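Okay, here's the structure, questions in a sec.
By letter and in written order, the chains are A, B, C, D and E; residue numbering begins at 1 in each of them.
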Amino acid sequence: MSAEQVLQYIFAGITVGSIYAFVAIGYNIIYNTTGIINFAQGEFVMLGGMISFTFSRFMPLFPAIIIAVLITAAIGGLIEIVFIRRMRKNSVLGMIVVTIGISILLREAALYIWDEQIRALSFFTGTEISSVSVFGARISPQVLWVLGVTLVIVGGLFFFFKFTLTGQAMRACSENSRAAKLCGIKTDSMVNFSFMLSAGIGALGGCVVSPLTQTHYAMGTDLAIKGFIVAILGGLGNPIAAVAAGLILGLLESFSISILPMAYKDVISIIILLIILVAKPSGLFGSKQVSSLKDF
Amino acid sequence: MKKFLAVLLIIGLIVTSGFAGGQSEEGTIKIGAIFAVTGGASFLGAPEAKTTEMVVEEINAAGGINGQQIELIIKDSAANPEKAISFAKQLIEEDQVVAIIGPSTSGETMQIKDLCESYKVPLVAAAAAEAIVDPVASYVFKTPQKDSYVAKWIFSTMQSMGIKRIGVVAANTGFGNAGKGQLEKYASDFGIEIVIAETYDKAATDLTALLTKLKAKNVEAVVNWSIVPAQSIVPKNMKQLGMEEPLFQSHGFGNIKYVEAAGEAAEGIIFPAGRLLVAEKLPEGHPQKEILVAYKTAYESNYGEDVSTFGGHAYDAIMLVIEAIKNADSLDRNDIRDALESISGFPGTGGVFSFSATDHNGLGMDSLEMLTVKNGQFDFLQ
Amino acid sequence: MKRFYPVYILFITIVLIQVLTLITGKGYMLTQLTMSAYYVLVAVGLCMVMGYAGQISLGQAGFFAIGGYTTAFLTTIDFTEKAGTGLFKLLDSMGLLITKDTLYGDTVIHLSPWISLIAAVLIAGITAYALGIPVLKLKGHYLAMATMGFGIIIYRIVLGSAIFGQADGIFNVPAFTIFPGLELSGDFTSRISNYYIAWILVIIAILLMVNLINSRVGRALRSLHGGEDASDAMGVDTTRYKVIIFVIGAIMAAVAGFFLTHYNGGIGPSEAGVGKSVRYLAIVAVGGMANIWGSLVMGLVLNFLSLRGVFGHFDDAVFGIILVMMMMFMPEGFIRISVLRDIRSLFIKLFSRKKMKETIQEPPHE
Amino acid sequence: MLKIRNLEAGYDKLKILKGISLHVKSGEIVTIIGANGAGKTTLLNTITSIVKTTGGNIDFKGVDVTNVSPDLLVKKGCALVPEGRQLYPAMTVKENLILGAYTLYRRREHKKALENLENIYTMFPVLEERKTQLAGTLSGGEQQMVAIGRALMSGPDMLLMDEPSMGLAPLIVKDIFRTVEELRDKGKTILIVEQNAKAVLEIADRGYVMETGSLILEGSAEDLLDNNDVKRAYLGRDYKDFTD
Amino acid sequence: MSNADIIMRIEGIDKYFGGLHAVDSVTFTVKKGVIKSVIGPNGAGKTTMFNMIAGFETPCNGQVFFNDILITGKKPWQVAEQGVLRTFQNLKLSNHMSVMDNVLLGWHSLGSAGFLDGMFSSPASRREEKNAKDTVLPILEWLNIIDLKDSEVGNLSFGNQRAVELARALASDPSMLLLDEPAAGLNMHETADLAKRIEKIRDQGRTILLVEHDMSLVMDISDEIVVLNFGQKIAEGIPSDIQKNKEVIRIYLGGDGA
């Protein structure tokens, strides 16, 4: 393999990996405040793409994206209030079942609102055919957007959780929700906010990748599974590690294609999942102790 | 107590709806349809269902066939073979339909091919795979052009362009697999070498890694065979990678949505397809022109969306069945089958159909045109 | 015995339904009733694993597919060319080769479904065992995801492998002659016999499972649901029990896959999809988790309606709504003792005018 | 300041508090002592509404606060230093403290919060030294200081403390209780639940003795120190053989 | 004392959780047929020690022998099969099962019917089941819960649930019972009943290891007491000695240890 090809595979891996990371970050935020894996996370990505596409017909791209993110965040918050809040005392089994149910409902709702056609936002800069050359390998400017937004989100989350009172309060809820209550933090609002946040981030991801991958009503399930693999790989509850894990999985997949038939790509990532689950459930980047001292 | 009554009510409703189904008026001509309106193949099933509904409504409004109204029973299989089997049995036995159109995908069609054959029910499939009509089952027909024609068109075009080494990518759907098979079968006849052939997932969202693999093999052209959104991802990713090699697609590209989704990257894609996509550009007097334009305008004004060749396949299927019923002037399934087999020179969206005992597709190589994308529009390849 | 009353009722109901369809001339409904029976079998198996033993499985469709694809693969290979060789002569002499004429005038020789039935059960059982040992150590989300991952792997394999027909699946699967005169096939002429084949299979499975639930092992399994510590402390080898019940569930799914594939004459990759696994989950949930009868009734009703296309385009949405609504408002499911109690008290109210007791009689507090 | 009448509470079917009545006057240190499992922690959790009350009522500063949400109680000026300290182990000392003033920040009283922080740093200089260290890595005594500091951050009038001596060496216990006395001198009202009777009675004004969900004794700290029933509550009713 | 009198030997067991030394080289023995209590303040390591004996946690160091058989490193169910049965502080009953089924679960390790026996309801398994019921009925009767045998456990009062848990442990005919705070949540009257029952169980020849907070109960019924603090054994002896032990008084009542 020439150096240029290696680089090309790396770019391909990074592109896919950032998409996975978007979903995984969402998982982690909700997991941190509630201990729930929200299987509907992939649907937020789909909603982001769909809503922004709809609005982009009436207005410039960026306001449309902002509206899409806000609407999806509101949907996320609503889901928490309507479904999750009254379920939280239930068993894990119940939570799994309900979030799977919600994901089916969101998907079906999208089918009836937007039909089965694919949608794609226009490229943020340049067009479908423009590409940038980096050390001989070619890359679409949109990939740079994806990367940039991923970095901004990671940085933003870091800042948010580290330096803002709300962010700190959310961490407090995840570390010790009883103590958080005693400090006067409304844990219910924090949980609600975490749903909005992860829905919003998912939606933003959905907008940024839409020009590259297009948006389709049924795209959520596959993303949810890949995102979960990434979240587990990085260690549940650790959004920053999720980005690293996303890139790792993306690169693994992309290099696996260079050797194996693509048809078995998913089999590889799922076998990785099974191995991690069985051998090291705390994830690649977490030892048991570090995961008990969760850090963002 | 209230809860229990609610439960009882729901169960009651469900059971009655189950047992009450299938009641219908007397004296209508029942035609069954199985389409994958939802699920993984909804790209096919949704326009197909819309088309047949529209056609039947029109014909009924105009008085029906031989004075009888048509009752169209559409079942949504969501591309599940087991549902297709269940629905086929239901349509044959319970609804006593005179013929079935659909299913949308090759897999489903193959699963019910023998069923229709043993119960002697005419089936006009809207799925493409060659195996549907080869070997010929006397009751099974199909409307989409044969995959082998498509492969041959692509190869002969390549020949004229001087292309020798190609890469093939296909979606892991029945359509993609069948197409890949046909390409591999005929390549050597045209002196073309398939350097690499790969399958990708139908829900794939980024194919740059796969295309990098192709690029490394120094192919002179790429063929993508699919009906899924990847049809616009492939051209976009190729451009991203700076691949300037010509891209050929299958007749599955016959949906302007994919061109829009691919934007500028779609320019110059070459693919064979029926004439529906270029209906207005056909010369006056072409046998298909009138019907193509009529269908296209009707569909687009009815549903506010662009027409696709898939809807066209269903259009042909329902029109052929109606023609056969007219010709047979009978509602007997055998008579309809015979009438279908003797249809000749019948213009449809896919071409001019002429069935025979050995050919249940009824279309020739000339049913396809090589098209390309020019300024975001489909156009003839010069 | 008292615990078998429901089984008698079930049997009588099955006969009644058949007679009813005969009288009303709606015999065609038996087709979907038969297909539903096989899905019920999967649901009952999952009910044992999930409802009673408390281990979530989102990979049940994978086991169904293992059963279906094993037989579809083995019974559709044509051995005409090899028929003369030693092994096949032996098989032939044992009556394990079957010669069939196709609709298109060819003659093919294929393996007897008896062989593939054994193969299907063995493969599913061994897979479940090998998967269960590491995976059943996990809990909650992790277990759900691991089993779902298994399901996806099976789905990908059947979708990606040419020998399994890729997206088209395998068709023209021959009928299964259980004994001369009794054939497992989707032929309209053998519809009634197939209806009974399917439901007797379900009744046998349910009998076995009801027995199991009420046995020493069953008690141990049920105790797993609340938490494994207590069962462990009482001397229950929890790991072994979890794995064995998982294997039993898998075998039930595989047998269902085997029978339905012969009944349908084919199988496609959609049977292996995650969506199918979620449906089985929904059925068990709506049936009340630890309630075989609930799984039976809801499995029958929902599959019957779905296979008849009653839900139309809303087929998936219906299952989504069921999942959410059930878990939120009736976590104990639709079919449960208190519903029966409600029925009973309704009758009491109607016929005796006595004041009925509203709630479960609670033993007095100290 | 705090008045509790006939309080009953428990978890599910397990009834733990069986009609507790007590009161705490402004500026007092009151302690509730009792052996393990007597229900002391449940009492504090019930006051802060983490455990739901099933009977009786709680009155704080003349307002009924039975079953109000914990954040409201904090706003009213009553903070709990929970048993086992319950810090946020992976957050820094400063972050832990700041979250104690969450309700102040929400009311935009940043200045007051900052003042409180300064006061706490003066009271526990070691915390200022370690403000960027993760709370989980501190020693037990330091963690207890963080817990007390965090409760003080909201500027409460009344402090509820749950077993502040638990798991600490005797010398450190003394330090902690000295701090508690200082707080009282600064005008805070304090209710301490404690197993370590001797140490706490030395600083308390009054005390109650709790046994299996009921208060069996009430009296001044000095009286209780000498009371044989106290020993009985700890060491069992057959203490007759027990001679000091 | 002869070795034969000793049913359980605990030899220098250690347990760390992260930096916390929860149990610190504890050694003691339990004689056959006695009630031995383990007491100590919160966090002294009593429950951890229980978990290690019953196989729920593996000690970092040290061994536990039961009837001279090494049981450390065995799984809980293997320990139970040896005849060492434990109860739980917070009642781990199967709430959705009947009282009878819960108690029969305790009998589990005495039975042998497997999956196939169960599914086909073999005559042997039916006989076994009948014998099991005959075995547990007297236990239910003795604990006054016979009338509740068909009720779901989740619907019972707390006191009755405690009784079910004890019945479940007894159903396995254990030679040694580990009782984890059996009096928690019981009223005085119930506690007195419990005391009598525990003594009765001992008189049947079973050995009892008890963790309990209710000192009255402990002092009343124990033959021997072990006191733990900060994971270390600080005293061992008969109840009257323990009550006089200065160190014990200090850790319970506090003070400077003077």
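Heads up, the rule we're going with is that contacts are C-beta pairs under 8 Å (C-beta built on N, C-alpha and C of every residue); 3 or more make two chains touch, one makes a residue touch a chain.
These figures come from a predicted structure and were not determined experimentally.
Chemist: Count the smallest number of chain-to-chain hops linking chain B with chain E, moving only between touching chains.
Modeler: 2
Chemist: As a test of understanding: of all chains, whose mean C-alpha position lies farthest from that of chain D?
Modeler: Relative to chain D, the chain whose C-alpha centre sits farthest away is B.
Chemist: Starting from the Cα centroid of chain A, hunt down the chain whose centroid lies farthest away.
Modeler: Relative to chain A, the chain with the farthest C-alpha centre is E.
Chemist: With chain centres taken as the means of their Cα atoms, state the distance from chain A to chain E in Å.
Modeler: Taking the average C-alpha coordinate of chain A and of chain E, the gap between them is 48 Å.
Chemist: List the centre-to-centre spacing of chain B and chain D in whole Å, with centres computed as mean CA coordinates.
Modeler: 75
Chemist: For chain C and chain E, let me know how many angstrom lie between their CA-based centres, rounded off.
Modeler: Those two chain centres are 42 Å apart.
Chemist: Distance from the CA centroid of chain B to that of chain C, rounded to the nearest Å?
Modeler: Those two chain centres are 34 Å apart.
Chemist: What positions in chain E touch 2 or more of the other chains?
Modeler: 156-157, 187
Chemist: Residue numbers in chain D touching 2 or more other chains?
Modeler: As it turns out, chain D has residues touching two or more other chains at 13.
Chemist: Using the touch rule from the top of the page, what residues of chain A touch 2 or more other chains?
Modeler: In chain A, residues 261, 263, 266 touch at least two other chains, as defined above.
Chemist: Report the complete set of touching chain pairs.
Modeler: The list of touching pairs comes to A-B, A-C, A-D, B-C, C-E, D-E.
Chemist: Which bits of chain A are touching chain B when the two form their complex?
Modeler: For chain A paired with chain B, touching residues are 1-2, 5, 8-9, 11-13, 15-16, 19, 111, 115-120, 122-123, 127-131, 133, 138-140, 143, 209, 212-214, 216, 218-219, 222, 253-255, 257-258, 261-263, 265-266.
Chemist: Chain E touches which residues of chain D in the complex?
Modeler: Its residues touching chain E are 12-16, 35-37, 163, 165-167, 170, 173, 194-200, 212, 230-231, 234-239, 241-243.
Chemist: Contact residues on chain C for chain E in the complex?
Modeler: Result: residues 208-209, 211-212, 214-220, 222-223, 225-227, 229-238, 244, 248, 290, 360, 362-366 of chain C touch chain E.
Chemist: How about chain B: which of its residues touch chain C in the complex?
Modeler: Residues of chain B touching chain C: 1, 3-4, 7, 11, 14-15, 17-19, 21, 37-39, 75-76, 78-83, 85-87, 89-90, 93-94, 105-108, 110-111, 113-115, 117-119, 129, 135-137, 172-178, 199.
Chemist: Residues of chain A touching chain C in their complex?
Modeler: 37, 83, 86-87, 90, 92-94, 96-98, 100-105, 107-109, 221, 225, 228, 232, 261, 263-264, 266-267, 270-271, 273-274, 277-278, 281
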